[in-house]
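Chain naming follows the written order as A, B, C and D, and within any one chain the residues start at number 1.
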Amino acid sequence: MRGDRAPRVVGERRWVNVSFGALAWVVGLIFFFPVFWMVLNSFKTEQDANTSPKLFFHPTLDRYKDVTKSAGGLLSFGEAFTNSAVIVLVSVTIVMLLAIPAAYALAIRPVPKWRDVLFFFISTKFLPIVAAILPIWILGRNLDLLNTRLGLIILYVGINLPLAVWMLRSFFQEIPRELVEAAEIDGAGLRGQLTSVILPIAAPGIAATALLCVIFAWNEFFYAVQLNPVHGSTVPIWVTTNVSTRGDFLAKLSAASVLACIPVVLAGWIAQKRMIRGLAMGAIK
Amino acid sequence: MRGTRALSVSAALLAVVGVIATGCGGSDNTGQTSGGGGKSKGGSINVAIVDNPQMKDIAKLTPSLFTKRTGIKVNYTILDEGTLRQVTTRDVAAGGRQFDVAMIGPYEAPQFGKSGSLVDLTPMAQSDSAYRLGDIIPAVRNALSADGKMYAAPFYGESSFLMYRKDVLDKAGVKIPLHPTWDQVAAAARKVNTAKMAGICLRGKPGWGDLGASFTTVLNTFGGTWWSAKPDGSVDKAQVNTPAFRNALQFYVNLVHDAGEKDAANSSFNECLTQYKDSKVAMWYDATVAAGLLEASDSAVKGKNGYAFAPVEKTKAAGWLWTWALAIPKTSSKQDLAWQYISWATGPQYLKAAGTRIDGGWAALPPGTRKSTYEIPQYKKAAAAFAGPTLSAIAAAPISNPGTTKRPGLPGVQYVGIPQFQDVGNQCTQQFSAVIAGRTSVDSALGNCQDVASQVNS
Amino acid sequence: MSAVKYEHATRTYEGSDVPAVDDLNLDVGDGELIVLVGPSGSGKTTALRMLAGLEPLDAGAVHIGEREVTNVRPRDRDIAMVFQNYALYPQLSVAENMAFALKQHGVPKEQRLARVRETARILDLEPYLERKPRHLSGGQRQRVAMGRAIVREPAVYLMDEPLSNLDAKLRVQTRTEVVELQTRLGVTMVYVTHDQVEAMTMGDRVAVLKDGALQQVGAPGTLYHEPSNLFVAGFIGSPAMNLVPLGDGRPVRIGGAEVVFDGQAAASVSNGSADITVGFRPEAVQVVADGPLRAEIRTVEDLGPEVFVHVTVDHRGDSVSLVSKMAPPFSGQLGESVGLELVGTTHVFGGDGSRIASTRGTLR
Amino acid sequence: MDAAAGTAEASEQKPRKLISPPRLSESWRRRLPLLPALLIMIVLTQVPFVMSIYYSLTDWHVVPPGPRKFVGLDNYSHLFSDHFFGSAVWVSVQLAVIPVLGSLVLGTAFALLLDRKFIGRGLVRTLLITPFLLMPVVVGLIWKNQMFNDLYGVINWVVGKLGGTPVDFVARHPTMAIAVTLIWQWTPFMMLIMLAGLQSQPPDVLEAAKVDGATPWGIFRQLTLAHLRPYMELGILLGTIYLIQVYDLVAVMTGGGPGSTNVPYFVFQKSIGGGWEFGQASAYSIVVVVFSIIIATVSLRVLSRLLRGEETV
């Protein structure tokens, strides 16, 4: 927090900066309100949650107990969490390991038909997922990948790779060409250029890309429920088991959702630290 | 300095992959069997159930009451109604081999049974004395059978009836007979309707199982039908553009507009339950299971409710029949284990054992499947206020002749038992919901619905 | 009336307690080209940025003309700045880059174009006016950056090591062009560089900074011949001045030979007891066949007009290296033992590094 | 899986001995880093795509389970006359354009706010990112039941307090209700991209502009906006790609209907959402893919500057 204190900008009247800071706070709070309301609901009884907005109520942790209490055979939060963690971490790591060299080959040392390659990558996202599920489910069944973590890992690599390649390529475009050439003259191969020049400069971009991949993979529900309803079920499936078509469920759902997004909030917070400009400046000087 | 920082980042990334890759490889296959937890004495089965409170209760009691006794481990997949239907239908119809037991309704049971996707449970049920097949309420058993073969064992049953606030209606001097007509109910609703408390809560959310269910019961009793039937009972012509259909829809829409609840076009069971318990509506026409929730200990309206049969117009009875039942897909390789589970889950012993172990107490037992449920003394006492009306409503459900004319897809009251009805029902209720929301007119909705319905040929 | 005035200007970056610029007092005359020079981290760039308004002042004040601008926004200071990496606007063409400042001040379009075209003519950038910066060479980009400043006709020009990214030959050529331009336009210019050759050749006056403190300001010659302290002596001049620390030993001896000072300063030095350091420029020491101070030739650098002879002297046990500037031809061979003779001025620096005396010295 | 990912690493790890590996031709040396990603994408996405094309040429009913009969282009014939599909496409267009532009404008504004230093900047940035961290299903339920709800919604509670009459947003204006929810959910996505874009702007250019007399607004209008343009286009492209796939928000908030059924929900209804006609559903999807490719080709190659750049060797 202290690092954020506003440096005095010459000639800028104090209140200008303070007002922008205040505006940012106001916007942040308004935008955050629905999430805050959800968190608030997670501490209410179903009765309090399903009636007109109540700010003052006696909080209870029962909803968290209901949600995490589980018996054998039922998908528990722990099991869903480990499944999701393994699937997301492995798939995003593979995506980044594939996307970084690919982006290098599309931005810094572009391959001959790099436009068509980029177009191909994005075109893979045009088929509506609701239709893609038919062949994917049948392939999964025939390859015996239904209800396995590996199945979803492979699928999430396919889902996130185009996003990662496109974003990284845009951030790699920003890298001053002469810095890469300088590293190359020093004898740095692909890995050398990556570690010494590209990663430091593009760090904000890489962090943003990795974060978005984690978010998409962590929150993916449709493929997960269709392919892994029994084993290898992920956190989103666990969250929706708390929805009920007969009876109130809002408070329970809020509690489940709060637990579900804690890891992603952490990922977001960690990624932000990488997104501070400092790094980029270091490399250019 | 900057070089080392970047190096540490990529090194960390590679390390993570290394650890995970080995871990993943290892955990990957355990992932497959972790559910199985190794081969215990009885083996393990995969069961898909809907996420209603009664189903969650049995899922929580399974390890202690079933697995301990039989050694069969049960992996539950709990999903909401829509997702469950997607996953189970494909598994049963397209051979997914993911489930050994799937929870389906009376809409699917006869169809899947006839198409040979489900195991006929009748022989097993008859030979299993503990199951007491005769104890099942006839209407419920018939709804789940085709050509005399029972394809799913009922776990939960519900009909539809009218619930109303006795105190509010008495104050307004309104009397509701035990067998009311829709005109009487509409008049009462309009009489008690105030800004603070709406007259009646009727479903308006699109979906053949939401607005579709309530509206179809009204359609039947108003003498309308979705399709006419050929002599052999198969689909003939769409009847959406008939006066009877239009009257039913006009009546339904007018009643909702005049005395209906707020946010009607988005309301279904849950929304109406919330508004009724919150005293925002005086009357409510919906599933009988609601009574259990209204009379529950923590309900604000406990003891203030009157129950009446589903209102009629041109027919003697109009209440719908729905049951969630457990079926065994033909593709399952553990049909014997599956039946052992089904006979326990839907048998009489579970009902007796669960009474003291579930949160809601005796009143929260799965209703509407067995006559013996209604003879359990503790249940009769706990569910005194609604047990009688529920049982009689279910028994009276006219599943084989819900309307005034011949129609296809019997048995079935609030739906037409043909595969195409799901899609037609969804698209038409989307149009009707838009009418309730005031976005389209009755005529254009009926026109669109007629187009969709007439694409169906037997 | 001075064009630019630093008055006790001080700046301490957050998180560090050592001031980057410490109590700087400096006056710049109207139309003068003053060069701020010093090693990296000496605070020269910070001082420039304080004048530009890109760095706030923690104490003291800055004046431009008769106006105090300490808390005035950069855009209201009527200054122009050329950055080390040129900082050209990547998306704008050369013409738009040069006209940018005028456009911000609402100068009408035709007038802007006229002034841009005029400046482009001076810097022969006319053929490139419509190009984008990324399509220009380093030298062209540097000239566009210059053009951007000239078009504005500001009160003061600020230059932050503008030539450091050019190749050696282009740097020398551009250096003279900048000086010509500055004299022809008669504008005040504050020029920052780390290259002391650039400083000596361009500056009317040169200000040497070290660790945020002003060491000395004066004409290039003064700095060269009368350095105020040890640091300035060592920093100015290439190759650097020969400096031999002698501690408090008297009489003053280097290696085998004694140094005799003439003139009244000699008395105060020879019988004082403070630590002293003796220094003399390469041209102040000559290699002779048999001088009183014996030395051994280590390397000989023949630059054409002059030859630099690097020798080592055995001084109190460890070998001290000295350099002498000889006129060609020079016949000494590596490893040959020769004598050294003092011909020019010898400077004497006290314990605190300040210069005590500068007189002729001879070795005996 | 990891073996494939490893190829890019392995070929580099060989210690650079004096005699380097056999000289790959220049274009192949450039292709090497791209190969793993490209091959994996081809395998993962084209196999299902080809299967989809095949299914679209068959009449395949799953309920009641019937065999797949090859029917050629029958599925495509009545597709163009289906006005429900037409209105679904129109809803999809609305649910892509409005949220993308809305979240882009808001995202850029928030990124600018966050690019300055102020007390608690890190916390505010976390607050602004959270909407995007929630599951779409949860977002839909929160907004439907707690924000838009006619009786219990917070918005109507505020409207009521201000003396207005509560409006049933989701029922009366389904498209706008979903669009607003999508804007709320996707603004952080755009903000993230814009923030990374802002921080890749060379700082000395900004200082030069300040010295040259540009006001903060002037700097934004003339320099920052131009610098951000590729990032905006990237945000629009990626945002649109994901927004035309939105399906669970429609299902949860409105359950479909005129003004809310978009193409994915329409295809869902045709297939596992009740129609169980996999043949027809695939046909509609292939048409969607064809249209998307046409639109993307036009927008990427003509309008956007994302693919511009010097042609290589």
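Note that a residue touches a chain if its C-beta (ideal position, glycine included) is under 8 Å from a C-beta of that chain, and two chains touch if they have at least 3 such contacts.
Quick caveat: nothing in here was measured; it's all calculated off a predicted structure.
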Chains touching both chain A and chain B, listed by label
D
Intersection of the contact lists for chain C and chain D:
A
Most remote chain w.r.t. Chain A, using mean C-alpha positions, is C
Select, from B-D and A-D, the pair of chains that is joined by more C-beta pairs in contact.
A-D
So which chain ends up closest to the centre of the protein, judged by Cα positions averaged per chain?
A
CA centre of chain B versus CA centre of chain D: separation in Å?
35
So, what's the distance in Å between the C-alpha centres of chain C and chain B?
88
Centre distance in Å when chain A and chain D are each reduced to the mean of their C-alpha atoms
14
Can you check how far apart chain A and chain C are, centre to centre, with Cα atoms defining each centre and the answer in Å?
52
Would you please write down the residue numbers of chain A that are in contact with two or more other chains?
5, 7, 50-51, 94, 97, 138, 150, 153, 226, 240, 243, 284
In chain C, which residues are in touch with two or more of the other chains?
53-54, 73-74, 85
Two or more partner chains touched - positions in chain D
2, 5, 9, 151-152, 202, 272
Are the chains arranged, by touching, as a line, ring, star, complete graph, or other?
other
Touching pairs of chains, all of them, please.
A-B, A-C, A-D, B-D, C-D
Would you pull the chain A residues touching chain D in the complex into a rising list?
1, 4-7, 17-18, 20-21, 23-25, 27-29, 31-35, 37-38, 41, 50-53, 94, 97-99, 101-102, 104-106, 109-112, 114-115, 117-136, 138-139, 150, 153-155, 157-158, 161-163, 165-167, 170-171, 173-174, 187, 189-191, 204-205, 207-208, 211-212, 215, 219, 221-222, 226, 236, 239-240, 243, 250, 253-254, 257, 260-261, 264-265, 268-269, 272, 275-277, 280-281, 284
Contact residues on chain A for chain C in the complex?
5, 7-12, 284
Which residues of chain C touch chain D once you look at their complex with the stated criterion?
52-54, 73-75, 79-81, 83-85, 87-92, 100-101, 104-105, 148, 152, 158
Within their complex, chain D touches chain A through residues 1-2, 5, 8-9, 12-13, 16, 27, 30-34, 36-38, 40-41, 44-49, 51-52, 55, 110, 113-114, 116-138, 141-143, 145-147, 151-152, 154, 157, 184, 187, 189, 192-193, 195-196, 199-200, 202-203, 230-231, 234, 237-238, 241-242, 244-245, 247-248, 263-265, 267-268, 271-272, 278, 281-282, 284-285, 288-289, 292-293, 296-297, 300-301, 306-307, 309, 312-313
Contacting residues of chain A [partner chain B, same complex]
47, 50-51, 71-75, 79, 82-83, 86, 89-90, 93-94, 96-97, 137-138, 141, 146-150, 153, 194-196, 199-200, 203, 225-226, 229-233, 240-249, 279, 282-283
